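Here the structure comes first, spelled out in structure tokens, and everything after it is commentary.
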Amino acid sequence: MSELTHFNAAGDAHMVDVGAKEISHRRAVAEGVIRMQGRTLDMIAAGEHAKGDVLGIARLAGIMGAKRTADLIPLCHPLALTHIDVALEVDRPQGAVRCRAAVETRGRTGVEMEALCAVQVALLTIYDMCKAVDRGMCIDAVGLLEKSGGRSGHWRRPS
Amino acid sequence: MSELTHFNAAGDAHMVDVGAKEISHRRAVAEGVIRMQGRTLDMIAAGEHAKGDVLGIARLAGIMGAKRTADLIPLCHPLALTHIDVALEVDRPQGAVRCRAAVETRGRTGVEMEALCAVQVALLTIYDMCKAVDRGMCIDAVGLLEKSGGRSGHWRRPS
Amino acid sequence: MSELTHFNAAGDAHMVDVGAKEISHRRAVAEGVIRMQGRTLDMIAAGEHAKGDVLGIARLAGIMGAKRTADLIPLCHPLALTHIDVALEVDRPQGAVRCRAAVETRGRTGVEMEALCAVQVALLTIYDMCKAVDRGMCIDAVGLLEKSGGRSGHWRRPS
Amino acid sequence: MSELTHFNAAGDAHMVDVGAKEISHRRAVAEGVIRMQGRTLDMIAAGEHAKGDVLGIARLAGIMGAKRTADLIPLCHPLALTHIDVALEVDRPQGAVRCRAAVETRGRTGVEMEALCAVQVALLTIYDMCKAVDRGMCIDAVGLLEKSGGRSGHWRRPS
Amino acid sequence: MSELTHFNAAGDAHMVDVGAKEISHRRAVAEGVIRMQGRTLDMIAAGEHAKGDVLGIARLAGIMGAKRTADLIPLCHPLALTHIDVALEVDRPQGAVRCRAAVETRGRTGVEMEALCAVQVALLTIYDMCKAVDRGMCIDAVGLLEKSGGRSGHWRRPS
Amino acid sequence: MSELTHFNAAGDAHMVDVGAKEISHRRAVAEGVIRMQGRTLDMIAAGEHAKGDVLGIARLAGIMGAKRTADLIPLCHPLALTHIDVALEVDRPQGAVRCRAAVETRGRTGVEMEALCAVQVALLTIYDMCKAVDRGMCIDAVGLLEKSGGRSGHWRRPS
């Protein structure tokens, strides 16, 4: 038998039963980057305060992406999210745009997947908008930073 | 004026006009990995030939994710895809599962975003299914490997 | 800093945190009209009690549209609606069909947008079904009539 | 006036008001079969423990289909499901694959439609994957087996 | 190796490559019934020409369901449908409502799944609207009647 | 029999058969306004060049809304759009924000509904973002400005 909870006793995939879990305040923060050429980063930075706001569009795509999580990830529970915040910043030393998404709910299961989905969709949107000038961009280091709420309590990524 | 084609002359976002482009056979291949603990990798590898088939579920999620691209990425054109193939393999030396997605269409615009979406959704699905045993997994090196078709022709990632 | 709550302290869009709001019975009523030629109005009125029921189809589209609100409006919270009622009536003196939608939930945030979405989708559906005979139809006066529930209490449109 | 609750006093369709119903543990189980040629059944049975896992894919499609119920069925309430389990088995005496789906929620309305949707989408997915070898397959006997929770209490299909 | 075309050479699911198929006029007709108590059938029949039009709502749900096929069935190709017609009739001798759906496209792959989806969603919608008075209704005999277009040509269900 | 093309010979709704229409370059332009208090208009105008960019978000929502048209409007054909442009401007004399959307395709049927959907979703998004400060905003004068392509040729709204 698998230790993986998404399989039932027969080894078949199911959507885990969370009905007996208590409703609690749950929060998750995820992060990731998209690496690119310096010239592409300059274009994005220029648009932040002027015309051509790539980051504003990616932020909105990330927020909307978080709301589509249960449509995309087969065994995710649909959840009524209470807060989504997606922050994007140009990180010159890394030659990257960094995305951090925080998602919250009052519910029976966590929102790690929603935070990760927000990051992935925001970074993909940056790829889409800049691909004509820089096809080799690379999405990296997408993972969970911390989560809280629920039985397993607070978890923070070891640094 | 931005060099980024997703902004019009006024600097506002638009969905680029592809009406004058010719219909051609377009193909894109994208790749990425999810790194994890050796013990998590063992569980996934064990399920491949038995109960608890994480990779089979992730593959299907990736295929379905490719079809949702235009819903997720704000300025993407809706496209009638003609082929989607998502391959997943356990890469022990890297401590990772590697995902490669190939997408094809006969259309007026490329399918890079569809291939990248397939990779991201497949890798996120692995995260979802294994997060109870390994919260620190990390999605890395997601990018385009090659594309063909259309005016810009064949592009291959420099190695 | 903006007074608009959909922007965070940095001026960036976010989905407002409603986690601390209490669950209450929330209700919103919205209204709007679609103006058209007398002859088009006759066709619609004829179908109400016979074949070609434009209003029945528009009513259903409005109900289904309310359920898609969080997919369409970027910063809307997904909500479990408890009641949707869409009423459509031929208003001969105005040369219009009038739509009124009432939506209810037990939740942490209001349903104004769901009621407005229902009205817009119902009126657009009438446009779609009659456009072959009357391309100049015009959707007008779409707004909120009243709302109740939540901290801001009861609001009624001044007459 | 109709006895059918999905019509209001005027005889028009509405989404029934469930706001006054209490939140309870609700569960529904639905079942159905897809009949096919013995040779098709052999192919499916062969894939269960090897390559070409039709049933694994149909199971996942059924789970995801349950989550789309409120999008598909016009007057269904959107619900936060807490558990979905879809079981598929080869039934040789009947020359069929049998699907049974159990869905649960803690909510104000039942999940019969979600369980039926899961069965239908799972069986349609089998049709899709085998149609090239057996176009005459037939989906039969799809109905509710039992439901519990809510004011109407426990119901079980008479045998 | 499986004879089932939805698996690639490795035995893994993929979306079949239809890029080399020619665009042709493709059509599919599917059928099915929902059996119920005579009293339920009477209510539905009464609504056809008056208030409480169950069949009108089911017809619309079927049409919209056909358009969602590629979202629901994992390996289905997204298609631009050119025609959808859903017919519903009360079949008193059978104690059932009969649904027949015809779907057409000009495309590279057939529309059997779209026709079957239309039937299933229409019949499920009838179940939803009548379940409060007749929980034991049963969906039966859902299958393809005929298809035309494409390399495999015309197929008609043997009678 | 109805003159309305969305009903078949029996008077029942269907999705019109466009299979015999020729593929042509089709374009539609729609327009509408949202009226509001001068103070609300000031806030929006202030955000255009600084933090709190309401119009940027509404523009993106309109573009994405156009892509969802066939999901929302029951009898609309799914279409592969080739261009979407949504323009928003503050119209001080009218005390309104004005939205104009242009949509194009190469296809068998027109894109009027897509252009109207873009306008409605963009204006609803403005309502959403400003409703906390101005609940009485009103959406007005939403209609088609012009369309071209297809058998019916060029149409322009009479001024």
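All chains are identified by letter, namely A, B, C, D, E and F, in their written order; residue positions are counted from 1 within each chain.
The working rule: a residue touches a chain if its C-beta (ideal position, glycine included) is under 8 Å from a C-beta of that chain, and two chains touch if they have at least 3 such contacts.
Quick caveat, the model's predicted, so the values are computed rather than measured.
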Each chain counted as touching chain B and chain E at once: D, F
Chains touching both chain D and chain E: B, C
Angle, in degrees to the nearest 5, of the Cα rotation that carries chain B onto chain C: 180
Most distant chain from chain B, judged by the mean position of its C-alpha atoms: C
Selected from E-F, A-F or D-E, interface repeating B-E by over half of its contact pairs: E-F
Chain copies touching (chain E, chain F) - same or different residues, decided at half shared: different
Mean-CA-position distance for chain D and chain A (Å): 31
Between chain A and chain B, centroid-to-centroid distance (C-alpha), Å: 16
Of all residues in chain F, the ones touching two or more other chains: 10, 12-13, 53, 56-57, 60, 64, 68, 71, 74-75, 78-80
Touching chain combinations (by label order): A-B, A-C, A-D, A-F, B-D, B-E, B-F, C-D, C-E, C-F, D-E, E-F
Touch list for chain C against partner chain F, complex: 1-7, 10-13, 32, 43, 46-47, 50-54, 57, 60-61, 64-65, 68, 71-76, 112-113, 116-117, 120-121, 124-125, 127-133, 135-144, 147, 155, 157-158
Touching residues on chain A, where the partner in the complex is chain C: 25, 56, 59-60, 63-64, 67-68, 78-87, 104-106
Residues of chain B that touch chain D when the two form their complex: 53, 56-57, 60, 64
Residues on chain B engaged by chain F in the complex (per definition of touch): 8, 10, 12-19, 70-71, 74-75, 77-80, 107-108
